[in-house]
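In the two assemblies presented below, subunit A is common to both, partnered first by subunit B and then by subunit C.
Moving on to the complex of A and B:
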């Protein structure tokens, strides 16, 4: 609307600058969900790396600090957060590869884009459950 | 030409176009993405290994040169990648200069700090080992 009004006001008026699309303007679709999840999982991995750096710092600080930190990560809440970061990691990895294909001009057909979006979600869940099962089995 | 302003069209257009510095960012984003494919897969392996051995196992893990280099690269390349990613999010959603600039500075500072602390901690454990804290 503001864009239309600026156009109607004539060439001398300052036109509204284009803005990035936000959640409110999209109808739900698997490709838009894949796009948003790429950004959200990136945000989760931002926190994830800070947790990893905290682990490295506690390891450098000695056994007491490390055992306390690792104990927090091994608690039920800690494991839940680690599982979330694992899902985000695998999702962002698959979505990143999908976007590298997009950047080289491949995969833009609507059916292809839909299928690869679903594949990213499926890969994230299957890989995370598998890795967590292996990790917990080796730990026990 | 009917204009309500005395400013020339060039003056109105100036500063609103491309900043001419986008290509470098584009390439850096993709280069770090490609590097992070093997690094994040290694991170999953490292996470499983670190879940087993406790403190001694973790120190022994990082004393392997390959693990130390992979861990340092993981932290450093991730920090670069997430700095660029969060910068795009901030530029997309925060438009007020008085909150945008502090957000960008905070993001840069946090990422470089995480990279420095992470790499230093990994090198310390890798080079010094147990008992030097």
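Moving on to the complex of A and C:
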């Protein structure tokens, strides 16, 4: 197959064939955004897991270390990162359920897939805001 | 690793502008990808102000109008001009479609961007090299495989069984779906792509075919089949309204079925 690419100049051509534009011209569907967000949120969850591991380690290292770590997480920047991880978590959860439906052969109609993609985004935002609202209320 | 931008020799530069002729009634601007293999230069975007009042309703009509009246060097594949042959597939306003069945009045905005099918080697202008695409189609052996002796008259099928290949056999191999797929953009040497997989399922679903096991063996591969991540671009752009994503899911289900 790669042979097809190797002699790609073609008769009369003076240089190798160019590659046609792809991401630069593509007009995205919401389903494509949903797919890339599933990947990105999955990556973000690794970071989230490291934060949780850090929490466990600080807990094991004694009250001083724990208080400093908890203070860091409770700072505005810490809260922003935690909010991002929470959104990623809820989005990934919803996208996982969506893919479960796909794997059982359901939801493939483009209109259905569009709706479920929007639902995943909406769920992620609503659930995250709710969790943070509850959390901040309990802290206050 | 997937690359997100075009290689150096493929970056598209600004090209020529062709103004509308005197006395044009209704003008639309077409921004067209141009590449001439006989000139040592990068591809370019040429813009054409077309008097759409003087040409037919479809994008293909406008392209042929440009070719006939402004620039005869513009290259495009086309044949049937009615959505049956699958030759004139292009990227139109950021989505893949057939130039012959898409009206220019349906493209949003005053400027219509036309480029070859995405992430493919370009032979000239709007003509992409589809050799790999067709080699992949050939690799799924798109013909009937049987072991039992051939019947005297014909291989028979109930209307219900025949119905199972509806939504599969209509594919015209225009490559709109495969070249819309980001997985295919980044793994096209290993991933078969939506079109070839839709056709693979067309033969898996055929009640007369007797090679289901071998066909599934061929597809059971981390790249050939499982690079599909249900991004859905294939089903979103298919000009025939087919659903390769669903067919791929059906193949995955068949692979599960045979081990559980």
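Basically, the second predicted complex is superposed on the first by the 114 of 140 C-alpha atoms of A that agree within 3 Å, B and C clash if a C-alpha of one lies under 4 Å from a C-alpha of the other, contacts with A are read in each partner's own complex, and residues count from 1 in each chain.
Keep in mind that, in the parts below, a contact is a pair of C-beta atoms (placed from the backbone, for glycine too) under 8 Å apart; a residue touches a chain by one contact, two chains touch by 3 or more.
Keep in mind that this is a model prediction, so the values were computed, not measured.
Peer 1: Return first, second, both or neither, reflecting whether A:103 touches subunit B, subunit C, both chains, or no partner chain.
Peer 2: In the superposition, A:103 touches subunit B and subunit C alike.
Peer 1: Answer with first, second, both or neither: which of subunit B and subunit C does A:93 touch in the superposed model?
Peer 2: The first partner, subunit B, only.
Peer 1: Counting touched residues of subunit A, say whether subunit B or subunit C comes out ahead.
Peer 2: The partner that reaches more residues of subunit A in the superposed model: B.
Peer 1: For A:139, using the defined touch cut-off, is the partner it touches subunit B, subunit C, both, or neither? Pick first, second, both or neither.
Peer 2: Only subunit B is touched by A:139; subunit C is not.
Peer 1: Figure out whether A:40 sits in contact with subunit B (first) or subunit C (second), or with both, or with neither.
Peer 2: Touch partners of A:40: none, neither subunit B nor subunit C.
Peer 1: Pick one for A:56: touches subunit B only (first), subunit C only (second), both, or neither.
Peer 2: Once the two structures are laid over each other on A, A:56 reaches subunit B alone.
Peer 1: Could you look at A:31 and tell me whether it touches subunit B, subunit C, both or neither (first, second, both, neither)?
Peer 2: So A:31 only meets subunit C here.
Peer 1: Figure out whether A:119 sits in contact with subunit B (first) or subunit C (second), or with both, or with neither.
Peer 2: neither
Peer 1: Determine, under the contact definition given at the top, whether A:18 touches first (subunit B), second (subunit C), both, or neither.
Peer 2: second
Peer 1: Per the definitions at the top, what is the overlap between the subunit A residues touching subunit B and those touching subunit C?
Peer 2: 10, 12, 14, 17, 19-20, 22, 99, 103
Peer 1: Under the touch definition given earlier, write down the residues of subunit C that touch subunit A in their complex.
Peer 2: Answer in residue numbers: 4-7, 9-10, 12, 33, 35, 37-40, 42-43, 91, 93-95, 113, 115-123, 128-129, 131-132, 135, 182, 185, 189, 229-233, 235-236, 243, 245-246, 249-250, 252-253.
Peer 1: Can you list the residues on subunit B that touch subunit A in the complex?
Peer 2: Within the complex, subunit B contacts subunit A at residues 2-5, 12, 16, 30, 33-34, 36-37, 40-41, 43-44, 47-48, 50-52, 54-55, 58-59, 62, 71, 74-75, 78-79, 82, 85-86, 89, 92-93, 95, 110, 114, 117-118, 120-122, 124-125, 133.
Peer 1: Note which residues of subunit A are touching subunit B in the complex, please.
Peer 2: Interface residues on the subunit A side: 10-12, 14, 17, 19-20, 22, 39, 42-43, 45-46, 49-50, 52-53, 55-57, 59-63, 66-67, 70, 74, 82, 86, 89, 93, 96-97, 99-100, 103, 131, 134-136, 138-139.
Peer 1: Help me check something: in the complex, which residues belonging to subunit A touch subunit C?
Peer 2: 1-2, 4-5, 8-10, 12-27, 29, 31-32, 35, 99, 102-103, 105, 108-110, 113
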